[in-house]
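What follows is one structure encoded as structure tokens, with my remarks underneath.
When the chains are written out, they are named A, B, C, D and E in that same order, and each has its own residue count from 1.
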Amino acid sequence: MGALTLTQVTKSFGRTDVIKGVDLHVDDGEFCVFVGPSGCGKSTLLRMIAGLEDVTSGDVAVDGTRINDLAPAKREIAMVFQSYALYPHLTVRDNMGLALKQAGVPKPQIAQATDRAGAMLALDALMERRPAELSGGQRQRVAIGRAIVRTPKLFLFDEPLSNLDAALRVQTRIEIAKLHRDLGATMIYVTHDQVEAMTLADKIVVLRAGRVEQVGRPMDLYNDPDNTFVAGFIGSPQMNFLKSGKLGLSSETLGIRPEHLSLDHGASMEPGRIPGRVSHVEKLGGETLVYVHTEDHGLLTVRLFGEQDYAVDEAVGMRLDPTRVFHFDAEGKRLR
Amino acid sequence: MMSTARHSPLRSLAAHGILLGYTLIALFPVFVIVVNSFKNRRAIFADPLALPSAETFDLVGYKTVLAQGDFLQYFLNSMTVTVASLFFVLLFGAMAAFALSEYRFRGNLLMGLYLALGIMIPIRLGTVAILQLMVASGLVNTLTALILVYTAQGLPLAVFILSEFMRGVSADLKDAGRIDGLSEYRIFFRLVLPLVRPAMATVAVFTMIPIWNDLWFPLILAPSEATKTITLGSQVFIGQFVTNWNAVLAALGLAIVPVLVLYLIFSRQLIRGITAGAVK
Amino acid sequence: EDVTLTIESWRNDDLAIWQEKIIPAFEAANPGIKVVFAPSAPAEYNAVLNSKLDAGSAGDLVTCRPFDASLELFNKGKLADLSDMAAMANFSDVAKSAWQTDDATKTFCVPMASVIHGFIYNRAIFDELGLTPPKTEAEFFAALEKIKANGTYIPMAMGTNDQWEAATMGYQNIGPNYWKGEEGRKALIAGTSSLTDEAWVAPFRQLAKWKDYLGDGFEAQTYPDSQNLFTLGRAAIYPTGSWEIGVFGPQIGGAFEMGAFPPPVAADGDKCYISDHTDIAMGMNAATKHPEQTKKFLEWVGSSEFATLYANALPGFFSLNSAAVEMADPLAKEFVSWRETCEPTIRSTYQILSRGTPNLENETWNASANVIKGTETPEDAAKRLQDGLASWYEPQKK
Amino acid sequence: MAQRKQIRWHIAVFLAPAVLVYTAIMIVPLFGTLNLSLFNLDQGNRVFVGLRNFATLFGDPRWSDAFWNALGNNAWFFVIHMLVQNPIGVLLAALLSSPRLRGAAFYRTAIFIPTILSFVIVGFVWKLILSPIWGIAPGMLDAVGLKALFAPWLGKEEYALTTLALVSVWQFVGIPMMLIYAALLSIPDEVIEAAEMDGVTGWAQFWKIKLPLILPSIGIISVLTFVGNFNAFDLIYVTQGALAGPNFATDILGTFLYRTFFGFQLQIGDPHMGATIATAMFGIILLGVCFYLFAIQTRLRRYQF
Amino acid sequence: MGALTLTQVTKSFGRTDVIKGVDLHVDDGEFCVFVGPSGCGKSTLLRMIAGLEDVTSGDVAVDGTRINDLAPAKREIAMVFQSYALYPHLTVRDNMGLALKQAGVPKPQIAQATDRAGAMLALDALMERRPAELSGGQRQRVAIGRAIVRTPKLFLFDEPLSNLDAALRVQTRIEIAKLHRDLGATMIYVTHDQVEAMTLADKIVVLRAGRVEQVGRPMDLYNDPDNTFVAGFIGSPQMNFLKSGKLGLSSETLGIRPEHLSLDHGASMEPGRIPGRVSHVEKLGGETLVYVHTEDHGLLTVRLFGEQDYAVDEAVGMRLDPTRVFHFDAEGKRLR
């Protein structure tokens, strides 16, 4: 019903190659999250799947049928645009109901569907407003509502929650997960938010400059990254990269996540202890991030649970959890 | 920007069909004009649809035209008047339109109405007063007189159309300019004007056509040999009892070319997506 | 320093003649005066001239339309009084009447030319069909019938689209025979005759019969269409005025010969009347900066030298100068010769009667066209004209 | 827009050049002329007559018949433009603006060419084409077996006005087309893309998305059509002359005004009655425009992109 | 130089009251973060400070001078719009340089400033592109760049990082903090991101439906919220609210953050142990969120450090850290 296959898909805008040959398979009913640095081509890929953008070369297929030339309207896709693209002349209700109306769904049913989406997105009080009278987050919710009132084969979400507050974001995320379970539709979701990516995805696709770096289940990527890029990209704060040579190891680079470094006070020199000086402390309430400057490896981040007291400039020492280190070669490839 | 996927062959075939059909309707009479301007009089009326043949081919119209008066001069006069008037209409009109569309001030609507009055009365009615004004200021038989009149004549329409389009320019964008410390003038010239290019082009074309084709004011205000416009120059061939159709066709046919060129220049400003990427 | 005089005129057609023949002749004789002939398209002439006169930018010399249009300008002080010009002696009272005040005490334009109405025919067609120029109405319709029966040619080239053809070349052309020229015209002005009288309705009756002999779709036929039909040899007869002579010659380009006959009379031997219409004159802008030179030019316009020059340059425009003018064009001579046999008159609506609203001349155009098309009966048309006239013209108010 | 309390000189600066030129060269002369409607000649002297000229225009059948006839014709002329010109213009613009249409620039130019032509040429060529004598229209109808449909349209009272209105439509269809085209260009691509995703394509897309967004421009072309039509003059004048034949069937306010104001043939121009007619026309147009400005424009929603 | 005072500021759009009387003082050089649910009026408040929106009533003053009627151009502000509001016809470089050009800064200096901002925001390769040719995140970066090339009195940032990836976001956040330190300018910053709010702010302003709920330093809000709204809004995942009655306490509601609940396996009934059943587990890599369903209190969230293994439907027990609980009355007001 909604298995998506991309085969050697490329895309160029004039002379700029944006997508440089992507192969990807998304199973029917799978929840696939695209992550990658800003400008790596996530939106472009989504737009190609939607049919809004020419495929320069390669094939886009749904259930084995090539759909490169199928009109977007015929692809049974719902999409949340990164820029919202709301209909400025329609009320919130009509923005959400237009697709159903077009499909000939009877009025009461449309009203019901839009009411449900409105309630779910906390838009109930705004149903008769027009986009110009909404706040940024409200607009984004309308864009989400417009997609979810329908029951298409494939959902495409382009950073749908970026302008929502934390509570609403969690809530909407849960609703989307629920929608996914209920409809069993295939979903492709672009996000910059680690939590969203980790919690929603059946499969995460890490993109970098128009290429797929790694595809896998969230914890697989976290625990078993293929290279420094993926290792650094998944997990926040970023993984620390240390010079293996300075530690007497044979690999080029050693990676360790901030949560797998332990920290103690004092400047004593013991084997396996990396000495440094606190350069900056960030207290986030539930956790504390300590940035430690070291001679050999530059700035390292340590993530500690709860509220912890470290003073800036204090001498400290760090220890690696040896079961949690990753080794990489000079090209950044993981050595397993 | 758009995809082949969104390019249904059936729909585009239908579109081409309709457009081609209408193009034929639009061009057929023009074809008749052009074809006949190359024929002798007898042939024009014997079979107006026939292409010029060896027998009927005749450049007499063009010869007459070029022999009569200083056509190059007329042409230059027309060009000067049209381009200068256009410049002032666009500049002043856009400025006024910006004031009307951007600022709320007392009398805004009334000012809009006042500036629109001009499209409601044919300016011809003011001829005598205008002529008196020009006589008093010694501008009779100068191109300046024509430029002044055409500027005034073109302003109402320009203001009317441009203010509508300027209302569509994103307020956030202008606000961003204000935050950046741009004066209202800069906002107008640097931000708003470039973004209403299609509307400016449209207004330019609408303004230019009646100016170019006008016969009345050149006849009244500047009929002298040195200031004659090309339309007035062509009028020589329309007489009391006989009209030299060869010459009229040739003269007016020739006179289309420059406007067409101007049109082509302006219509290049009709561009899609000028404001794309501005706001989300 | 040379003085330059500008002539305002509606005669675009004559531009070349003035530039090449007339003005050089004058300038040669009058060094120090330059003349520019600045015509505008005839349709705009009145409006343009009035505006320029009002604003004070009009030329020194003004070509005068006959009767009220010029009289109005004179009354407003725009045209100078020329009564005491020496050249005025060269013109008869009738010639001057079109440019005089109603009481004939003042003359403000120097008469230049008149035009005569009649019918031009295509000799080749007449010869082919064995026709001779008709003298009576019956012969006229017989000829038309014969041409129609033959089917090759349109019997008569006239359309009603422009309306004025119907009035000027129709009604005013054949009318004088019915209303007895000046006699009827003056009676109408005096109020002793009315437009519903038989003399004024009868020409409409004849016009109503023309319909059958006009070309297909004559309703949409314009004046240039008619001209072209005739000059291209597709029509046999062309109701017209003498002004066509000059323009038809080159257009026909020798393809056939033209002949002319005056409006046929009711019965052979009846007195015939022709419309010999005083049409064009020249006056002086009262505000001219060079009255001396302007008058000098006007004196020359009133001279027989000018008369000869003009009449020969523009065959069909007949000089109003009392001195006889030698003309070369045979067809023009033919037209002028009718002055000997028939009584000339001017168009009935031109003097005085078209001063009010509704405008009798305009109404006559409309009525003539309607009658020819058959959308109005001659009687209704005449009644409408009479009612309109009576609504403002005192002598006709009952 | 924030309301700022100091004197905002820039507003004056923006308005000044336009207002000055326009007032001096247009408004003052025009209202000087319209003012004439309050005067008339009495024994050659100009005297103030108040509204008596209007009483004459509307009360005296010699004037009012012509006026109502012209007004009626004008209304019909306008109706045809609204029903034919503007829908065609919008349709063409909509087609032209479809993305990736090959040859769009060519079509656009071709369809616009008639708008560039002068009235003299337009009048000549259509008279030639429609002429029963020169045979273009009858010949073409004959070729498709419809010869019977042909009539000398311009000469028939029942057809002439409609025919001329259609010729005028032919000439001016470029105007709504270009305006709407410019308006369509300003609709953001992404909104259209969103519609595609929602399955709103083709005509539905036009009706539901594009049309509402260009409604202000449609309003503008309606007003411009209204104003243009009620001021129209040239086309009728060059094809049918100032008497607007046949039998005044094509007489519209513009020709009526011209005849009266400037005079025609033996009819001497009457600036006073002419100004009266002009004022009446102006009143009619002003009424229409005010209706648009106050009743429609203020209700039209505008969208910023 | 840039102390900002709002006094009883209100704002209505037609009949909708959006800002309902805000009093606020921001010291010169302070970094002030606005947080609050989507649609609560953050952007509106920012726009009023910028002078882009009328103040319906009340006063906006800078350094004690009322500036309600001062034109935005005269206020010496730089702003990042939530909708970016880029100049679509200008290149990235010109977008950033326009304000400087306007101020008459010489060309080489402009080029230098824009180059620096471009490099900082990783836009170097895109300097000659126009906004339409940029990705969402790139556009947002241009908007930031446009603000930071200048040195105004006051910076206004409206969710400036929402469309950036985690790494870039951290990096840009640090740059903004640095900018703040270097320039000493007052900054007002709207964000939905807890980490940003906690790490950047000198002072956080919590807004709710057009009113200020609480103002304070980040850790003060975290540790000492005035009411359930603030308590719930600061900290992610949200604080758990338990019914005090069921625990035999006198307050109405008891609040405890997910990180202050401890979890153990099994269903045993001990005093102080709240039994429940795992309903959902989210593994985020460095931490694990366990959602536990309880009879008495509904769904509670427990935040655990590291990767933890809890199976869905497993019976578990929770303990509160008694030093970390908050008590609220029936209106949600904190009982201290």
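The rule is short, and it goes like this: a contact is a pair of C-beta atoms (placed from the backbone, for glycine too) under 8 Å apart; a residue touches a chain by one contact, two chains touch by 3 or more.
Note that the structure is predicted; figures quoted are calculated from it, not measured.
Novice: Starting at subunit B, figure out the least number of steps needed to reach subunit E through touching chains.
Specialist: Step count on the best path from subunit B to subunit E: 1.
Novice: Out of curiosity, which chains are bumping into both subunit C and subunit D?
Specialist: Touching subunit C and subunit D alike, sorted by label: B.
Novice: Quick one: which pair of chains has the most contacts?
Specialist: Top-ranked chain pair by contact count is B-D.
Novice: Please compute the C-alpha centroid of subunit C, do the same for subunit E, then give the distance between them in whole Å.
Specialist: Comparing mean C-alpha positions, subunit E is 92 Å from subunit C.
Novice: Quick check: how many Å separate the C-alpha centres of subunit A and subunit E?
Specialist: That pair's centroid distance is 20 Å.
Novice: Which whole number of Å gives the spacing of the CA centres of subunit A and subunit D?
Specialist: Going by mean C-alpha positions, subunit A sits 57 Å from subunit D.
Novice: Could you please state the distance in Å, as a whole number, between where the Cα atoms of subunit B are centred and where those of subunit C are centred?
Specialist: Chain centroid spacing, subunit B to subunit C, equals 40 Å.
Novice: Among the residues of subunit A, pick out those that touch two or more other chains and give their numbers.
Specialist: Where subunit A meets two or more other chains at a single residue, that happens at 51-52, 71-72, 82-83.
Novice: Check each residue of subunit B and list the ones that touch at least two other chains.
Specialist: Within subunit B, the residues that touch at least two other chains are 2, 6, 45, 127-128, 170, 172, 183, 215, 235, 238, 245, 273-276, 278-280.
Novice: For subunit C, which residues count as touching subunit B in their complex?
Specialist: Within the complex, subunit C contacts subunit B at residues 10-13, 15, 36, 38-42, 44, 48, 51-52, 54-57, 223-224, 227-228, 232, 243-244, 247, 251.
Novice: Which of the residues in subunit A come into contact with subunit B in the complex?
Specialist: 51-55, 67-72, 82-84
Novice: Spell out the residues on subunit A that touch subunit E in their complex, using ranges where they run on.
Specialist: 13, 35-39, 42-44, 82-83, 133-138, 140-141, 158-159, 162-170, 192-195, 198-199, 218-219, 222-223, 232-238, 257-259, 282-287, 303, 305-307
Novice: Provide the residue numbers of subunit B that touch subunit C in the complex, in ascending order.
Specialist: On the subunit B side, the touching residues are 41-42, 45-46, 127-128, 131-132, 134-135, 140, 215-216, 219-220, 223, 225, 235-243, 245.
Novice: Given the complex with subunit C, which residues does subunit D contribute to the contact?
Specialist: 44, 62-63, 127, 130-134, 151-157, 237, 240-243, 245-248, 258-259, 262-270, 273
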